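Just below sit the structures, each encoded as structure tokens.
Note that chain A is present in both complexes that follow, paired respectively with chain B and with chain C.
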Partner chain A sequence: MTGRARFRNAAAFRTSPRAGTCMKRYVAYRVAVTMPVLLGVLVVGFLLMQVVPSDPAAVRAGPQASAEVVAALREEMGLNRALPMRFALYLRQLARGDLGRSLINDAPVATELGRAIGPSMELMTACLLWSVPVAVALGTFAAYRRNSVFDRAIVMLSIGAASVPVFFVGLLAIWIGGFWWQLLPFTGRGGPFWTRAGLASLVLPAFTLGFVLLGAVVRITRTAVLDALSSDHVRTARAKGLSEWSVTLRHALRNALIPIVTLVGLQIGYLIGGAVATEIIFSWPGMGRLAVNAITSSDLPMAQGAILVIAAAFVLTNLAVDLLQLLLDPRIRR
Partner chain B sequence: MTPLLSIEGLHTTIRVPGSNGGREHGEVGVVDGVDLVLDAGRTLALVGESGCGKSMLSLAIMGLLPPVARIASGRILLDGLDLASLPASALRAIRGRRVAMIFQDPMTSLNPVLSVGAQIMEAIRVHVPGLDRRALRARAIATMEKARIPNAAARVDAYPHQLSGGLRQRVMIAMALACGPELLIADEPTTALDVTVQAQILGLLRDLQRETGMALLLITHDLGVVAEMADEVAVMYAGRVMEQAPVSAIFDDPQHPYTLGLLGCTPALAMNAGRQRAIAGGVPPLASMPPGCRFHPRCAAALPDCARARPMPRRLGERHLAACLRSPLEASVPAARP
Partner chain C sequence: MMAMLQDLAGILRRSGATTRVALAVVCGLGIVALAGPWVVAADPYGIDLHHALQGPGWRAPLGTDELGRGILGRLIAGLRLTLALGLASVAIGGSAGLALGLAAAYYPRADQWIMRVLDVVLSFPTILFGLAIVAICGPGAEAVVTSLALSTMPLTARMIRATAGIEMVRDYVEAARSLGMSDRRLMWRHVMPNCLSTLIVFSTLRFGQVVLMGSILSFVGLGTQPPVAELGTMVAEGRNFLFYAPHVAILPALLIFIIVLACNLLGDSLRDVVDRRGS
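On to the complex of A and B.
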């Protein structure tokens, strides 16, 4: 294409009345590029498990098994075949929805993972549902009353929240909420969240995990809202005669949501790490605890499955964040 | 008849960090004792170099001074009502309804994530409560049509990035006119636009002024725009008004050396008078303003007395004031230092 034609095309694209098709194309593109990433996750997860200095056959056979039994088991499990061959077999197995069986208790990995996904999502959702609104509200209020006592207190709180490790918050929560006040259960899950016991058991873990997120989101919100408040279009909004509060909410916060959503999306990666610690402290039957238990007991198929699910969750979250940006920012929507 | 806008002895200051770098703050004056008068339906152009306090003055009228700045003394009378002493809530009720403002850069002055219609509707809703969505929308479209936005009914849902610079400035104008203000402040409304679009926007402002009878305070450094638009002109330098006169007097019979210098800087106007000249030197920094007349270090016609006392405005005609010891100027006064 000549340079001139390209310019002409660009202009046509910009002024296209069928803007909706561009957006659909973007969504399709964004979903499509997720596929190679997921494939990459598969490859890396598979290879990681190959380099772990642990013999799956030995784990399955148990500590008392003789060398011949282990060797026979290796042959039976296909561990003597070449690496690409084994990866191909693994893929074929995956395509059938089969993630293998646990080396420890022979339970299907998919079933175990399926059992852990629910509680994990419950914990994650509860954590996001309380911490993000609270953090955004605090950050916005700090920006609205910048340099006041409230602002300083909120900034101190957020630095504190971001600096304290999650296990410490968890222990503190157990100590205060569980021992001291004896209000809330702190071991295990009492049931699904719609039951009373389930909801009660969710409070402390969700509080602990949300605390990790709180500090970072408060600070990005404060910065982003302050930034937006000093922009030209906010001056225009003030010139219309809007109150400072509605200028802050309708104009500054609305625009600040774009960087906030990006940050929260990235933080969800850290949150998965935080969830591992939280689930262990509170004996929460989720993915994180499952993964750690599988790794410490050398249950490779289980660990591989858990890693796959966690990585896929991360990739899908990023996809969701990007699609959410489309709703928030008309400039990428075209 | 009382004028629509009358500014009396306005001083604004901004806070600057103290010289010791500690917590103590000093204040420096930006607008230093400005008196201006604007009658209903007229256009007053405020001219001067960057940093002379034009924008600060306009923001002071709107009550939109940045947090570091404040009005130290003086009155801003809108129809007899002193805006400088109004509480914030009362000022908000006036802002956008009786006094509206458009800004220099239409690219950044509109909120990128809200449709232009929503932004215009918001301007109406603040001051005209009780309209339902449909009525608001109809009014927004009507306002856009008034600002000569072609195909307004379709563009009401457009986002700012989908519009050209000229259209965005028209949206800004529509937003400003939505509540029928008596005074429109236009802060360099055409500086960021293409030359051809500039002419269209100026023409639009003039037409709208004729239709609605609003007064226009036009802030600019472009003397071409002044010649095109203004009834009256105030020339500002370093926070003070140097000369104020009807537009014809400013161009035909300037009575302040600074005005002469400005005219000498304008290419088309300087063409006949020989070479285009710049005024030597620059605007002095706020913190170290020279004593006496603030222009005297750069003035080609300065006398020893100019450094001693601030020259008070002298009345040279019915509406012609110049703050210069040498005015009325004799013909031999040079426009700029050689």
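On to the complex of A and C.
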């Protein structure tokens, strides 16, 4: 079966009457498709270390090391073996959770990454928790009062939000919220989000990052709700004498959720980009800041580990969003 | 091409005030960037430590930065570079996408391979390309352009493949083929020119996005390095003086916002052209 035919079948699963078994097959297919991509991520992560001009052994040994020491270190690090062999070694190390050691402070990369992943997830979750509901509410309201002043204002706001660089919002937030009003802390993380200091330090970064999503989600919500409002089942609901508000919320918005979830999934790439900038502005101890710091200080093992984790997280999130979409679509849920 | 220009003229005639303002802003910024040093004779790299971090005044119309360099001069130089980086990324990614899209539309056997590989490229965010490329080659304008071009390429290829697919079944292609025209000539002389209008409109739409993402890459330190005047880099530098001299960081950030906003507003009106032709 060619790739195209398979994709067509995947689409056919959605509308097939035997949806129950087909859904399982689609899930299996979707998970199977993710595997080669993950393998590709691993290969790229591995090659990243190979194509770099500097000799990792020489860097590790330090500038004063003699040639013999470097040669011994090369042997110890397995750098003299053939490329596929080194890839196998690399995979074995990965399986053990060993990502090497930082060239800067000799700390294990896996530990550092583990420390950074929590704050990053905290930041992204907090951002999603405020921006998606606000954007969906604004978009629904704009569709409900279409062509009114509110509608036009909300559309303008969404174009503005989609055009504003995330660091501009961040700097304004620091300047106004942190410096001028002195309301909230703006450097570093005060602790986990369940502590008072932690929550306070989370507010400004999460607010800033939310702008990355806001514009696009408002627009898609407005369009999707408007589409749904002109469909047959909504006309029926209106004919039953339901109020326009109830029709919009209970009948139109519910159908609009599927494209909204799709869009949020597509935006996750931008969200990661925004998160890197946000973490740097607010000195947030997350994955993006770790990656950029490692790269700008030529700490390759750390950089490679961070890139690997970000890429894998991205691929898996995409998978999760696709599966969530299945759950939301009642035509398949049966 | 002519039909395209007529479409554009029609859009402008019917467009509201917003589109016209956006177009004026884009043209104005383009002229300032092109004319550059001839507009304001300010040296973006002239250091004058006696007048560092000053507010707007006679000596420097928009104030000075931490090394006493005039912000206005740096903004113009930065605008030039930022727009040039954006143009280069869109041009490189667009041409590569055009070639791949045409090849995919023309050779059904290559189609699957090209599109699946592009799907994989498309499935990674720009920031990851940026991080990976900088990890290998080091930071710089080249790294930014490469990662932006890489993420533009698959989108363009998809667009071109769809457009070329429509053109391929037209009568003139059949006629040219029955006259014995070679594949390469047919594609180059007949199909490609008919895809150009889509490419141009799509690239305009993409330009705002590319400038926005490029500025983020520069801001986090993956792009051009100080002292080069580039808008994202300037914001990153000015960030350290936010509380004493906010204009040093805010002005370049505001300029990026204006560029992207104008491009997006303009793109919204242009999108109608693509959509109408696509359907």
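FYI, the second predicted complex is superposed on the first by the 286 of 334 C-alpha atoms of A that agree within 3 Å, B and C clash if a C-alpha of one lies under 4 Å from a C-alpha of the other, contacts with A are read in each partner's own complex, and residues count from 1 in each chain.
In the analysis below, contacts are C-beta pairs under 8 Å (C-beta built on N, C-alpha and C of every residue); 3 or more make two chains touch, one makes a residue touch a chain.
What you see is a predicted model, and the numbers here were worked out from it, not measured in a lab.
Contacts of A:Phe179 after superposition: chain C is touched, whereas chain B is not reached. Judged by the touch definition given at the top, the superposed model places A:Asp329 against chain B, while chain C stays out of reach.
Of the two partner chains placed by superposition, A:Gln64 touches none, neither chain B nor chain C. By the touch criterion stated above, A:Ala291 is placed in contact with chain C alone, chain B being left untouched. By the touch criterion defined above, A:Gly274 reaches chain C but does not reach chain B. Taking chain B and chain C in turn and counting the residues of chain A each one touches, the greater count comes from C.
In the superposition on chain A, A:Val44 contacts chain C only, with no contact to chain B. Those residues of chain B lying in contact with chain A across their complex are 62, 64, 92-97, 100-101, 103, 105, 108-115, 119, 122-123, 126-127, 159, 161, 172, 175-176. Those residues of chain A that touch chain B in the shared complex are 231-243, 250-251, 254-255, 258, 328-331. Note for the complex: chain A touches chain C at residues 2-4, 37, 40, 44, 48, 51-52, 159-160, 162-168, 171-172, 174-175, 179, 268-270, 272-274, 276-277, 280-281, 288, 291-292, 295-296, 300, 303-304, 306-307, 310-311, 314-315, 318. Remark: chain C residues 112, 116, 120, 123-128, 131-132, 134-136, 139, 208, 212-213, 215-216, 219-222, 232, 235-236, 239, 242-243, 246, 249-250, 253-254, 256-257, 260-261, 263-265, 268 touch chain A in the complex.
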